[in-house]
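For reference, the structure discussed in these notes is given below.
The first chain written gets the first letter, and so on, giving A, B and C; residue counts start at 1 in each chain.
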């Protein structure tokens, strides 16, 4: 035991600090405010939000500012890549297409026109073209083919970026950038509407099943089980096959929107089953509140958390299924473009024109990443176990 | 009286995203052969963490920062993996609060108890089974042969805890650490388990560390008691001394809050105002001072040293110092303390 | 068991009615047929019988294993397509499942045990990519990179053993990533359980703790999800077979969709449905074996 004296003043009594010890240590935030706080402080989810915002801008405003049409075919400019290997001539550049047709490109890297052909010389294996008065030859006698001219000095080749068609053109000469933007519109539109339809159906089905409970609940869930035994994709295929194909987007929206609600129904039912046993629901019942009111004002808002997370995952799923359908030939019909149909079209010419695949693929990937990050972020932000930071 | 287990100035912390949380801040005690030591405290007092530290069973974020833990001549803090594995279950066994979650739901209980034995000793399959059945009988599990093949979820809470006890005793350890073994059980079952532990202890000459938040339960089975708060030992004494002659405001508060069966119904139940400290941001000085009605300025500034009340009785309180003033001091003694 | 048969019956009836819901009838789609020919065809396919009678015929045929004729290829029956394509698809499917399990489970285990360290981070990055990027995007990109650009792997067909690599990775990518993440989170949760602490308190070595106690419990969610995983692999195979030109059932299915060969579409659908239901049933049986707690809930 120490023998040191303790200064007199230190023996003063402390004020009761019981109040201090009971102080809440958390800042005050509303539920939604809390969720938003945690969401935006997670880097991945914030990035996801930014990504989707950009994609939305792209889809909505892109086609308006583009000076190309998504469906207008330009047959002299088929399969032009975004980055062209061109010959430098005085008055501009010449790009030789895969079909050995020369295209005159201005010094500003914009495409001017395909050169008119003069004649085909099969013996010397070369074709002559009229280059604004001068004659140039495409010589295919040896590989690689050569561009020659008797008068003009043909410089070295170099790579330039395609300023007319920033992403290149497809097999019918349509601008890929504009088609990508339209594709964004279609893919996102289909996804959002389908997700929304599934949301409504799922909430109603699951909510009613859970609220009524008992045998009704059992039967309704059995039906859901039976439906989900087969992969839902098969249903979509069947529906698409049966609906007349000239309804275009509508048929795929119907097909997607009426099949994927089963998962949402399960989630909603699970949530409501738990919630309806809460005391405030019992209280509302005792007060005589109508079923509809309880369902819409008490139960569903509190289940919103899980619902929102599920919907956020429905959207990329819908994008995926739409692209999947396009791949097997059941997507939107031409000339409409969705990202899925663009990928499908690009497949045929993958070896020679790979760029046609990259643009829509990248678009799909980025969008899926965006939504998945948001979904993950939301799930974590809504997890009550992580509250209080 | 030989000392079996000695814990000296143990500091255990958890490394969390919010920084280092000091759960045990300088705890020292010893355990003699054949005795039962009780550790009492609220949630967050550090009692469980202390016991987990002994066998180094802390979760990944936990770490023993400093201190010594010695079992006879084995230094448990420094022991290598294989020595630690020998000690676990073999020399020091542990039972936990929730027997349902502490048993593997997919493996029959007989096999789980067998596993304990086969880790430390070599026996034939038949011998193992026989030994387990004997253990089941010893812990009074009826219908042992049938229960041997059962799964944990087929037992009631009290029976499961008996299985845990059987498992813990299988290799005849010299120390049994029981971390709130009766907290999750009904009061009547609680009583049975306590009686069982007492009889087993007598039979096997085993030392027990019994952890609880309930002083009353501890009184039934322990000869010595240690009261913890905020990661430190506030007071330690024999069980009689603690009840008759508490020398710490916290202990006094605990005792006052035990309702008595014959107390005046019109008098309100007493409790200690306030709540346990936030261990991520603990108060300075004595951890109990924010809730202590006798608190002084110095209590908020420095941690009080342990003052010896008698041979086996110590308490961490500034008011036990010789020069502590008289007003608002329950321990004031004219002249020097005993 | 009963559920299985009921489901199949409902699907068969549904499919049958869908077939008759096709607007305009099956023959008007393509060419104009002279009246007598059309009448003869209707007779041949029993389309002039009453609807209930057709249904009974159809179901009867199904029970005998006969899925009916192809509308587009006279002389071919749906069963022929299946017989041709199923072995190829089965091989693809089997190898993919083996790949998926062999890759995802160890990956998930390592990620969980080395939680927070580079093995965990790397595995999870791979898994996140695999779950987000659609299978056909992976397929086409891989094909471009390894086939066209680098020339290491063949782009089409199963002639050479290396021809399996790209399709299997593309098909199994999603499932592998999903299962790896599931395995990891499941094992992480199990390792935090009290009974793991008990196992350690007994003096078990860490290796045995993981193998004997943790793994068995952690595998349960993975097994639960195996049924739907197989279903997803099945639908994924349509696209993969098309991209890599593999002559499996998926390719026949896709072709029949393009051709609007209705009986084939519906016939293969029924086949798929049956196959899946049986598979899921088998997996559920397996699940019953490994988790003793379930027996007490079902009253089986």
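Please note the rule applied: a contact is a pair of C-beta atoms (placed from the backbone, for glycine too) under 8 Å apart; a residue touches a chain by one contact, two chains touch by 3 or more.
None of these values were measured; they are calculated from a predicted model.
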Report summary line: Going from chain B to chain C via touching chains takes a minimum number of steps equal to 1
Query raised in the report: Based on the averaged CA atom positions, which chain is farthest from chain A?
Result: B
Report summary line: Per the C-alpha means, the centres of chain A and chain B lie apart by a whole-Å value of 57
Query raised in the report: Between chain A and chain C, what is the gap in Å from one C-alpha centre to the other?
Result: 25
Report task. Flag every residue of chain A that touches chain B in the complex, lowest number first. Result -> 1-3, 5-6, 9-14, 16-18, 20-22, 25
Report summary line: Within their complex, chain A touches chain C through residues 225-226, 229-231, 233-234, 237-238, 241-242, 244, 316, 320, 323-324, 327-330, 343, 346-347, 350-351, 354, 357, 361, 364-365, 368-369, 372
Report summary line: Residue positions on chain C within touch of chain B in the complex are 115, 192-195, 197-205, 212-213, 216-217, 290-293, 296
Report summary line: The answer for chain B against chain A in the complex is residues 273-275, 277-278, 281, 289-291, 293-301, 305, 307-308, 318, 321-325, 327-328
Report task. Name, in rising order, each residue of chain C that touches chain A in their complex. Result -> 3, 6-7, 10-11, 15, 18, 21-23, 128, 131-134, 136-137, 140-141, 143-144, 148, 231-232, 234-235, 238-239, 242-243, 254, 257-258, 260, 262, 265-266, 269, 272-273, 276-277, 280
